[in-house]
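Have a look at the structure below before the remarks.
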Amino acid sequence: MNQAEAAEPVLSHLDESGHIRMVDVSSKAATQRTAIAEGRVRMSAQAYRLLTARENGKGEVLNTANVAGVMAAKRCAELIPLCHSLPLSFAGIEFSLDEAGHAVTIRATCRSDYKTGVEMEAMTACSVAALTIYDMCKAADKGIVIETVRLAYKSGGKSGEWRSSN
Amino acid sequence: MNQAEAAEPVLSHLDESGHIRMVDVSSKAATQRTAIAEGRVRMSAQAYRLLTARENGKGEVLNTANVAGVMAAKRCAELIPLCHSLPLSFAGIEFSLDEAGHAVTIRATCRSDYKTGVEMEAMTACSVAALTIYDMCKAADKGIVIETVRLAYKSGGKSGEWRSSN
Amino acid sequence: MNQAEAAEPVLSHLDESGHIRMVDVSSKAATQRTAIAEGRVRMSAQAYRLLTARENGKGEVLNTANVAGVMAAKRCAELIPLCHSLPLSFAGIEFSLDEAGHAVTIRATCRSDYKTGVEMEAMTACSVAALTIYDMCKAADKGIVIETVRLAYKSGGKSGEWRSSN
Amino acid sequence: MNQAEAAEPVLSHLDESGHIRMVDVSSKAATQRTAIAEGRVRMSAQAYRLLTARENGKGEVLNTANVAGVMAAKRCAELIPLCHSLPLSFAGIEFSLDEAGHAVTIRATCRSDYKTGVEMEAMTACSVAALTIYDMCKAADKGIVIETVRLAYKSGGKSGEWRSSN
Amino acid sequence: MNQAEAAEPVLSHLDESGHIRMVDVSSKAATQRTAIAEGRVRMSAQAYRLLTARENGKGEVLNTANVAGVMAAKRCAELIPLCHSLPLSFAGIEFSLDEAGHAVTIRATCRSDYKTGVEMEAMTACSVAALTIYDMCKAADKGIVIETVRLAYKSGGKSGEWRSSN
Amino acid sequence: MNQAEAAEPVLSHLDESGHIRMVDVSSKAATQRTAIAEGRVRMSAQAYRLLTARENGKGEVLNTANVAGVMAAKRCAELIPLCHSLPLSFAGIEFSLDEAGHAVTIRATCRSDYKTGVEMEAMTACSVAALTIYDMCKAADKGIVIETVRLAYKSGGKSGEWRSSN
C-alpha cells in the first residue's frame, strides 16, 4: 500500500478502468510492520463522572473496550472489504483520561511481519474500542462523540516511517 | 437501554458490584426502533480531488463503503461485547460531499422491531463505512481523519424520541 | 422482496438514484416462509466411483457437506450484502445420487417466520454444500462442475407460492 | 492437495478408516499459488435489461457482487470445513456481460504464498458473487440460474499448472 | 428440543434414515426460555495464587473471560452445527472462587423469548469463559483442567423446568 | 507463551500495571508447533445406547462433532480474546468410545508453523466437539457432562515438549 509515494498519488484500490481491486501483494517482501492509531471519546461531565467515580467500574468498562478493540483488530479483514487478512503478532490498546475534557483517549498499536501494512487493523481496533465505550456509557449520555480517529504512526514496508503531523 | 431516563443516570452495563453485564431485555416489549448516526471523513485537497475527480471511481469507493457499513450493521453484536444480537429490518447509508472541507459526510440509518435500540448498529455502520473510505484513500493521504461519529437521532422504546443538539 | 409482482419489475435493491439499498421490511408482517434451492455437482466417472465406492466415505463426505450447508444457511446475511439477518426455524439438506450422470443433486430447504423470504438462505446453503463436495473430491478431479444452482420453490409473504418451471 | 497426481487418485480428505480429515500441510513448502474460478449467472431478458439499462445501476450491482465475492474469498475457511485458513495476497473478481445469453460471467482470481492451493477461495468468491447478483436481481426474475461454477486454472504447488479443458 | 420427554427418548437431530437434521421449530410457540450452565476450572496452587494475588489482575482476567463468554453465547449457532440462531434477551456470567480447590467456578445464564431452548448458548458461554481463563493462566500452569461443564437449570418450552440432580 | 519457564511464573497476559495484553510475538521465530487436547463426554446409559446403537447414527453424530471441532479450531482467535490468529497446517479430531463409562473421549490435534503455540486451538476444537455431542444427545439426557478438557501434549517453541502427567 505504499505505491502512493510516487510523484502522483493514486487511489491504489481502483484499477485502470475505475473498478475496485485489492492490492496484489504477491511480490512484496514480508517486513516488520507497526501502526498506531489514536481516537478520543468525549462525553458529558456527568457521564465522565460515572465512568471514573467507581474505580472498579472504570476498570471493567475500559477492560471491556480493550478486549473488544483487540478482537476487532484480529477481524479487521472481515469488515474492511479490500483489506488483506494477515496474522498479527501484536494488538494492544491503551487508554488515558482527560479530566478537563471529559474524554477518554485511545491508542491502538498493531504489529505484523507480513507483506502489507497494519494501519487498518489499528484504526479498526481504535474505532471498536471507542464504540464499546459509547455503548457502555450511552445510558448516561446519548450525545457522546467519537472524535478524531486517525493514524498516528506507521513503520515498515517500502514507504518506511510516517508520523502524523497533528 | 432506556433506564437512564430516571432521576440519576447510571451505567446500565454495570451491576451492583461493579461488574459488567448485558442489559436483560426479557420483559421489554418489542417496538419499532430507529437510530441514525452521522460521521465525517476529512482528507487532504489532493485525496479529495482523486476521490471525486473520476466519476466512476467515486461511485465505486462510496458503494464499497456503503456495502461495508451495511454488512457491519448486521454484525454489530459480534463486535460490541454487551450489544444484543437482533434482526434488523433496515440498514442504509447515505453519503454527501463537502467540497469546501474536503470531506465525506456519512449518515447511517438502522431499524428494528425488537426489544432494544439500534444505536450501536447505526454507530457501527457509520464507523465501518468511514474506515473503508480511509482504507481506499489512504494511499493518497495517510493523515485522513475520521471526525465526530455520533448519534443524530433515535426513536422507539421507553425513552422515545431523541435528537442530537449539535 | 415481493414488490416485483407489480406491473413492471424493478431491481428492489436500487433506490431512485440508482444506489444500492437494503429493502426496508419494517412495515411487513411476519409470515411463515419456505424456500427450496437445488443444485448439482457433476464429476468424472472416477471421482464419482471413489465418492460412492466406500460406503463409509460417501456418508462422511455428504454429511460434511450437509453440515457446511446448514451452517452457511445460518450465516447467509454475513455473506450476501443486502440480505436481512433473521432467525431460521429450519435449514436442511438432502442429497441424491445420479449414477448415470456421475452427479450429486443437492436440495436445500429453509424456513423462517419472519418478514422476509429465505430464498438466499436456501441458495447459499446449496452453494456451500456443493463447494464442500468439490473440495473433498477435487483431489480426484479438479474439473468438477457445480451446475445450475437455482430456486426450486418458495412460499409465504405477499407474493405467495412460486415454483420453478424447469 | 496434490497427492492425487499419483497412479490412483484418492479422496485426500478421508483417512484410512474412511473418516474425514484435513490434509496435514506441515511439511509442505510455501510456494506462490494462483487459482481462477469461473461462473455464469443467466437470467430472463427482462431482468438482464433492468440490470444493464441503468448504467449506474449496473455499476452498483456488480460492484456489490465484487465486494461480496472478495470478502467471501477471505472467509472461505470459515465456510468450507476442511479448507485451511491462509493469508491471501490477492482476491479479485471480473465480470463480463453476454447480451445474447442474458448472462453475467464471473471470473475470480486468488493468490497466496502458502503451503496449500487457493482453489476453494476462488470457487467460493465466484459462488458468492453469483449469489449476490441473484439476490439483487431476483425481484425481477426468481428463476435466475447460477450455471457452471468451475475451476478454470491453477498454478503452484507440487502438481503445478492445470487448465480446464472446457 | 423437548420431544425427548415422550415414552422413548430419541436423538432429535437424526431423521428416520439416520441422517442429521436441524429440528424444525416452525410450528413451535415462542416462550420465555432460561438456561444456566456451570463449569469449573481447576489449576495449581501457584497459578491460583497468581490469578488471585493481584487484585487488579484477577479483575482483568475474569472480566476478559466474562466478555469472551458473553460474546460466544451470541455466536453459539455459528459454532454448533444444528443449533438455531436466535436473538438472546440476556447472556451473563458469574464467577466464584474456590480457595481450597484452586478453582474458579463459572455460571452462565442465557435467556431468550423464542421457539427453542438456550441450553447450548449457556453451555457455549461457559466453555469459552473457561477456555479464556485457561489461556490467560496457562503460562503459570499448562495442566489446568476444565472440569464438568454441564447444564444446571432450564425453564420454558414444552418440557418446562429441569434442574440438574448433581 | 513460553516465558513462564523462568524461575517465577507470571500471567503472561497481564502487563506491569495489571492490564491485559496480547503477548507480542514479533521477535519470535516460527517453529513447528503441535498441541493435543483431550476431553470426555459422559452420558446416561440410555443416551449412550442411542448414540451407539444405530451404526449410521453414531457415524453422523461423531462426524458432525468432528466437523464442528475442526471449524472451531480455525476460528479460535475469534473466540479467545488474547489468542493470536494464525494459519493452522492441521486440525484433526479422533473419538473413542468407553462402553463401561458411557462416555465419548475426544482427542484434538492442531499444528502450525508459526510464532506461537496452538494449545488454545486444540482446547477449543475439543470443547466445541464436546458441545456438539452434547447438543445432539441432549434430547435423550439433559444431564450429559463435559468432563476434563485439558492439554495432553505440546511441542515446539522455546519451552519445547510438554506432556500431561495425568
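All chains are identified by letter, namely A, B, C, D, E and F, in their written order; residue positions are counted from 1 within each chain.
What we mean here is this: contacts are C-beta pairs under 8 Å (C-beta built on N, C-alpha and C of every residue); 3 or more make two chains touch, one makes a residue touch a chain.
The structure displayed is predicted, hence computed values, not measured ones.
Of the two chain pairs examined here, B-C and A-E, it is B-C that is joined by more C-beta pairs in contact. Shared numbers divided by all numbers used gives the overlap of an interface; between chain C and chain F this overlap exceeds half, so the copies present the same residues. Between the CA-based centres of chain B and chain D the separation comes to 32 Å, rounded to the whole angstrom.
Centre-to-centre separation between chain B and chain F, using Cα means, comes to 37 Å. Multi-chain contact residues of chain E (touching two or more other chains): 19-20, 56, 60, 63-64, 67-68, 71, 75, 78, 81-82, 87. If you check the complex, the residues on chain E that touch chain B are 32, 63, 66-67, 70-71, 74-75, 87-92, 111, 113.
Interface of chain A with chain D (complex): residues 19-26, 28, 77-78, 81-82, 84-87, 114-115.
Only residues 56, 59-60, 63-64, 67-68, 71 of chain E touch chain A when the two sit together in their complex. Put simply, chain A touches chain B in their complex at residues 1-4, 9-14, 17-20, 39, 46-47, 50-51, 54, 56-57, 60-61, 64, 67-68, 71-72, 75, 78-83, 119-120, 123-124, 127-128, 130-132, 134-151, 154, 162, 164-166.
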